[in-house]
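Take a look at these structures.
Next come two complexes, and both contain chain A; in the first it sits with chain B, in the second with chain C.
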Partner chain A sequence: MPPKAPPNAKKARLYNSRNIRTHLSDSSFVDKEKLNVPDFLGSREFEIKSFELSQLNSKYASSNRVFQSLPRSLRRRAASHNVKRIPKRLRAKALREMKNSITGTPPKKKHSRGRALYKLNMSKKLLKLGNNLKLLGTLPDRELLGKKLNIRTKIKSLNKQIRELKSSTNSPLAINNKVGAYDNTGYGGYASRPMGNIKYHKRQRQFVWLPTHIWHAKRFHMIKQYGYQIPLSPTQKCFRLMSRQSKNDSIAFDTSYYSSLIINIEDDDVFKELLIFITKFHVAIPDKILKGERAYNDWLYIEGQQIGKGFIFAHIASHTIIIRTFPSIYKDIFNHCENFLMCSSGLNSIYDCQYSLGSIDLVGPLSLLSLSKILHIYDEDKSSNIKKLWSVLTSVKDTKAIPIGFNFSFDIMDPRFWNKSSRTKHNNDSDLDAYYDAIASMNSTTFLDPTSVKNLSTREGRTKSYENQMSIKDIGKEFGKISTRSRSLSPEILKHSRIPILLSKTGDQSWTLIVPWFWVLPIWQKLVKIKHVIPGGIKQMRQVNYENGKPNFPNDYPWLRDGWENNLSLDSLNREKYYKLPKHLLNSSRPDFTDLELISPFHCDWNFLRTITLLQKFSGMSIEELEKDNTYADYGEDLFIRQINSGHDLLQLSKDVRELHYYRLPTDISISLFDEELEFHQKFITGNYTINQARYVNIVSLPVIQISVKLVGKGRLRDGARIYLQETDPYNYAAIVGFITSGGYNIQLGIASGIGLVKADISIKGSTTLYIRNIGQTSYYAAEAIIIKT
Partner chain B sequence: MSTTANDKIVKNERIAGRHIKHSPNVRIESAVERETTFLVKSSTPFVSAVKKIQRSLDKFDKSMISSNSRSRGKTKYQNGEYKKVNYIVVKGMGKTIEKALSLALYFDEELHYQVDIITSTVKVLDEFREQVPEEAKQEFDDGDEFNDSVYRKRSVSSIEVRIWVKR
Partner chain C sequence: MVRIKHRYILFEVLYPPTKSGEDSETFSNSQVDALLTLHQSSPSTINGKLIVSILRKSIQTYYGDQGAGTAAVSTIVKYWSNKTSTGIIRCDRSAVQMVVGALTLIDKLDNQNIIIRCTHISGTIHKCEEYSIRKSKELIRLINKQTSKQKNVSNFLQSLQEGTNINVSDKDDDDDDIQGDDE
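Moving on, here comes the complex of A and B:
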């Protein structure tokens, strides 16, 4: 019986996927003994082919749309109705699939009319005018962009600007390229925010776009923070991927939101003095840092106070210091340095380069190797020191032997001139020996090209690097001229751009690449195409730090301003989330937080820890004494201060005391990192201190130490979990000794781990066992803790 | 610290400073190589090494695919680049040679795998970071990251055990 005819196309496809058609004639047994293999195969050709076809059929049987056969990394949001989100080779098919079954054509979008159409036309015109200006070698008037004008007035004044430019024969060019790259450095103050393309200017007025913003916005969740739009995390699931990537390959981050400043100091003594002023060194700066051989990557100080970690590259030969910090502490550092320079003698200057230097961070063992595939050294001298070292170092997998802080500086060519990323050629036999020699040579030789350092750190140098920067279109045209087989453009064009870079090793397996702002995008575009590199956002940065047991800025530093504010915002966000959930969605396993006034269950309540610790000292009672039964509240002479006779009194008083000092701002930080030079801290760890009045507990800040913990057995760890010395009643809040600032399951270790802070009087020697309880739960987990040296 | 005969410099002089050992395992590997190489550390327990090696051998064993429910459907190791894999490499150097040899014998005699043993020498790099004298310590706070280092190459015996997969 012939098979039933399928009712529709989809069913037909499904039926096809179940059938393998066969070819029955078989004449390969010629003599009935010998099998003629070519003949046999020839006769089976049809069968084999249809078998293969059936495999494909069954693979795509359940898929409706062409993009479903794409690997996940190539899929894009909203691809089902926008063909432009599908790779070109699949677009024709995608269009066919989008066809309306009734009319046979894709549904047409409704044509805008009236006001909407007018607006669209106008904004298109704006885009054109912006481009015309770029071609004329200038940028739109900054004042025009700052004003709140309607599009018509904007277009009018742009037209005027263009007319003036065209009529004047020798007007000075503001920019030296067609792509709109310009150096935006602030001298004698902060730089103005970058303008961006005129049509998209308005949306980056408050939060500056990174050079790779458009690339990231298509593929990442973005957040607006610190005056930038920062990539948060890829839209795709990537937790395990990133973990593996950081272990075996490499992750890249666009960190252009880290802000840089450049200081020029002619006088060498002042130069050293400034470095001592802001770094951890008290007496002298190591020679290696002064010469630029090593970068300083550690705490920055303002008047002896740690304010955050930063990167400093100093090069005394060219009188230059580059300081790169997290954006939230940048202005403090900038003002601090500016004040220092005003009071010091000699010629000096400070430049705000937050929008003129960009950077890319890489983490993972293959970072340097991946970079070497796109960074082609611009150097006439083939046998130069740097080139030799570069080729040796990039021939190995593990760059752990390279000292941390090591700096490279050289010029590169435009990476887009190469068709495919390519590894430097090596002869494999002498690899290990050459590598060891190179490592040994790093101890004594510098690998800095002085002109490159100068070009990167001066406005003229950076502007020069943008000269005739080629657009993607230009490069495409050049590629059209050469044969498809050649790896790169012709040698004359390769010398078209000369880009100064600074590459520094910032951690065991992490590197930072500092380049002029408008070169970040070309480098990024090539970098993400390399097999070993996967891009990440700040969430991934935190994940990598967490998995390596390193504290992450700002959330693991609650004693600093940014960490404190981060912790406070966690409180309000979690609180809102807790109360927002509608009743029918509540599940029974959700903890019922009853003691909200005592201790906040939504974040690490350092304020509570401080108050309870110091009040206990004030009461002069031991923990055993405090376990007595409750009595009625007993107020002494001070009507506000309850006498402490039991543990219950202590908790109640801690609540009262915090309310008593309502004039204290929540942003006042109630903890500080243990510093053995401070008198109170010394007394605190021995216990030889006194609290005379209950009110004082709001003024004293609690010394804490940072620890990294690892659970001994199975268990879960969450942010904000509470740390105890032993298992106790969960309601015994007075027994808390610290909090976990970031905790979770660590897939590198295969066990739950975390980073936290405990009171400084908890003695942690070697590895100590502590007990940890998650918020809202009753089980305790034993954990091994070690001190993190911060 | 053990010294070898062909490294005269280390034998004759004692270098002061913190000794940092650098891994000689720096060659860029392919994904297949990464999966088929097992490095024996001095801290590796013998039995866990046996289990790990056995697990990677099983991946290539066709007979295991149908019987073992955990590896069911994993035809990945029968195709493509993995098809060319003939043996799992177990490497050990210095004091782990003994452990690597025990592993070789265990797989040879107890589990009846074909085993090759190849000896060789590996060059390793020693770094000696100068210590700051106590009185000068205040100057550079803590850590010795910016101190000068002395580097020495040293040769260490090593062994490579090839355990042939059963296909």
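Moving on, here comes the complex of A and C:
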């Protein structure tokens, strides 16, 4: 007899789910017999059905709240009592559940009293006033929000502003839309910081928010860097997901923190001169770059010194240059260009567009395809050629035929007017022919719409694009008027907004989309809804670069100021962390930890490498001679400088030499990238240079070359690992030839790999084998090294 | 916070042909025959309780008292079907090897010579069910294919008799029994 079913409905459901029914459990009919084919098939099918039924039952037996059936990425912690955390389509059901169940009702909120109540009321008032101002079409008074005024004064001045507005129609702070979008460009100086929404402006005083900040803050860990709040990494684990996406689909990054500046030069010669001034070209700029067909995505130079990588878009026909760089080197480039313009003739102007041009970066093979789903070209006759070419080029998934540096510029319609993402229509009959034609015509025709270039690069153009920008509420109202089956709004409304964009291919599979600041958020919102696209943060960018073997700015460029400072800060942070450890954990018998002043185990110690190499040259002894050990120290005429008779002397002298002074200032950065044209570097690689005094080591910078390494067999690589030519005693620090700047396990290759720098006099031909030892470890791993051309 | 982890073993009871039994002649005739003979339905005397008791005896015999104390205690039959002779046993994670070993060494159930074959082991019953569904579908597909082949062959022979030309589509008739189809 089967056990009795429990009377309680919930328990009964649980019990039933655990009971899998079998075919004909009646005893009288079943016997051992060879079944014929239809019976056999029938019994098997019944079994399949009962299994599937039991699976269904058990799935819904225990979880009985609607938020538990959501996928992992949509679940929120407080969804059980806070209905707003559940997606809109399930909210009604969740409310019903909460009403019916006893435990589901949210607890009664205690309302605050006294001071807290007053504060809440005041901030509510402030928000309301801010909103009123927005609806009236102006921005709040700038000075008011910058100072540390108390909330009553703020409300008073906002009220005053509203009264003034109502009495007079003109306002200096008027804007042409109701969503608070305006063009924040600096002319004759840097741009002032953006204010943002009144609700959040206090938080933005020190660090500027990106246009998509609120969207990212809900889903990402944020980090404060370069004066911006930048998304660091998604809150959910995504290491393997990101590596798969970068190989198969695409990852989107909000890179509005990359600052841009726009230069207008009327004179063509001065135009070309400026470009030669800051780019790698010495004599002439290639024609394609001048016309704007290709963008320059390479090193920027100040006085012949490399300072960092940047993006330059030049359009000689409209006399504009757009330069976009990393925020830490932006001010140097800006000042440099400003000085150049002041010295040159003609009508020139420079605009600071840090907060008026935003950008989105996409990485991965399906980036262009995803973009084509949301970018709808503003349909006008003159750009119909571009529209045709665009639809043809984006119809093919493989974008390798498009050369790196290729630029598109056209006007698009507001992407929010489309309900669902859709690919641009194209004729299916002559697909491949049309594609080849488009590729062939890439050299002759231009994909740039000059009006949209002008609109993007001028203040008036950008402000015009913000005219009557619709808010989400307005769009919702419009969608309510049309039938639910249509994909987009009616054609008259589609032409409501006209957004100028610039799309450039910056790498093998990476694209940059530059748009006006307040249009980044609408495009972003539609972009991340596409199935192929996943948003990422700077950690993911670093991961993608690392997995493709590309060096990452700034940590893989320690010879640049940014990379050097990054390295130093790593040292100080790790050192602090180390000293906080309890004494018994400070193991100073490990290699690298024996003498913390000699070589630092907390970062790549380039000072040490430079000192050791040059002192070795100074001593004039070979490595074998240095192996022998002296028992006593010998000081020559100079009482501060030890004579080098052994390896030990060499190491001790390297410590003393740091305090020595010479009449020239010591170099800030002790390494420099190997340059064939420099005389000292040429002498260095042959070994024909001389160091006359020990003090000279402080003013010479060591030439280094950048390599990418891959371990031959098993092993681990970490940042800061030491590179050797042969396996030697791990305590013999003089044998180090370089360091790994970023190392780890490369999930795409399946072995540990890394990027590092070695002394330039090591000859690396083809692929040489080097030996790498991690910090604090004694085991060596063999690795293949290849030079990276920077 | 310690979670006791189990393993779910999907097994089936196969009836091998014996020398003196009825099945021995027809067993090797075709694949379908072989399959149907092996996967016979079990008599109603065999149920979950019987399997558990025989399994425990088997563990006692082959693994001794220690085995009986650890493995045999927590084994239960979660599902058993007589028609298809398949079942799912749940046991402790540490005792899986013992249980599987003891299962395979069982050679008689209720005076029938049987082979117990363990087809799948997994941590959740869900996956065992899924695997069993896949296997059953595969079996159904095999049998359907074979029976349709046989039908083709018999049609062909019939047509030969009648003297008409019919195209037989499949070329590889390796295990067709021509003698089985009588005129």
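Basically, the second predicted complex is superposed on the first by the 664 of 790 C-alpha atoms of A that agree within 3 Å, B and C clash if a C-alpha of one lies under 4 Å from a C-alpha of the other, contacts with A are read in each partner's own complex, and residues count from 1 in each chain.
Just so it is clear, contacts are C-beta pairs under 8 Å (C-beta built on N, C-alpha and C of every residue); 3 or more make two chains touch, one makes a residue touch a chain.
Quick caveat, the model's predicted, so the values are computed rather than measured.
Q: Considering only touches as defined above, state whether A:481 meets chain B (first), chain C (second), both or neither.
A: Neither partner.
Q: So, A:148: does it touch chain B (first), chain C (second), both, or neither?
A: neither
Q: Using the superposition on chain A described above, determine whether A:35 touches chain B (first), chain C (second), both, or neither.
A: second
Q: Should A:440 be classified as contacting the first partner (chain B), the second (chain C), both, or neither?
A: first
Q: Is A:44 contacted by the first partner chain B, the second partner chain C, both or neither?
A: Touch partner of A:44: chain C, not chain B.
Q: Looking at A:55, would you say it contacts chain B, chain C, both, or neither? Reply first, second, both or neither.
A: In the superposed model, A:55 contacts chain C only, not chain B.
Q: Is A:72 contacted by the first partner chain B, the second partner chain C, both or neither?
A: After superposition on chain A, A:72 lies in contact with neither partner.
Q: Who does A:283 touch here: chain B (first), chain C (second), both, or neither?
A: In the superposition, A:283 touches chain B alone.
Q: Provide the residue numbers of chain C that touch chain A in the complex, in ascending order.
A: Contacts found on chain C: 15, 23, 32, 36-37, 39-44, 78-84, 86, 112, 126, 129-130, 132-133, 136-137, 139-140, 143-144, 147.
Q: Quick one: in the complex, what on chain B touches chain A?
A: 22-29, 34, 123, 125, 127, 138-142, 145-146, 148-149, 151, 153
Q: Would you tell me which residues of chain A are touching chain B in their complex?
A: 248, 280-284, 286, 288-289, 294, 366, 369, 395-398, 400-401, 403-405, 431-433, 435-436, 439-440, 443, 789
Q: Considering only the defined contacts, which chain A positions touch chain C in the complex?
A: 20, 22-25, 27-37, 40-41, 43-48, 51-52, 54-55, 58
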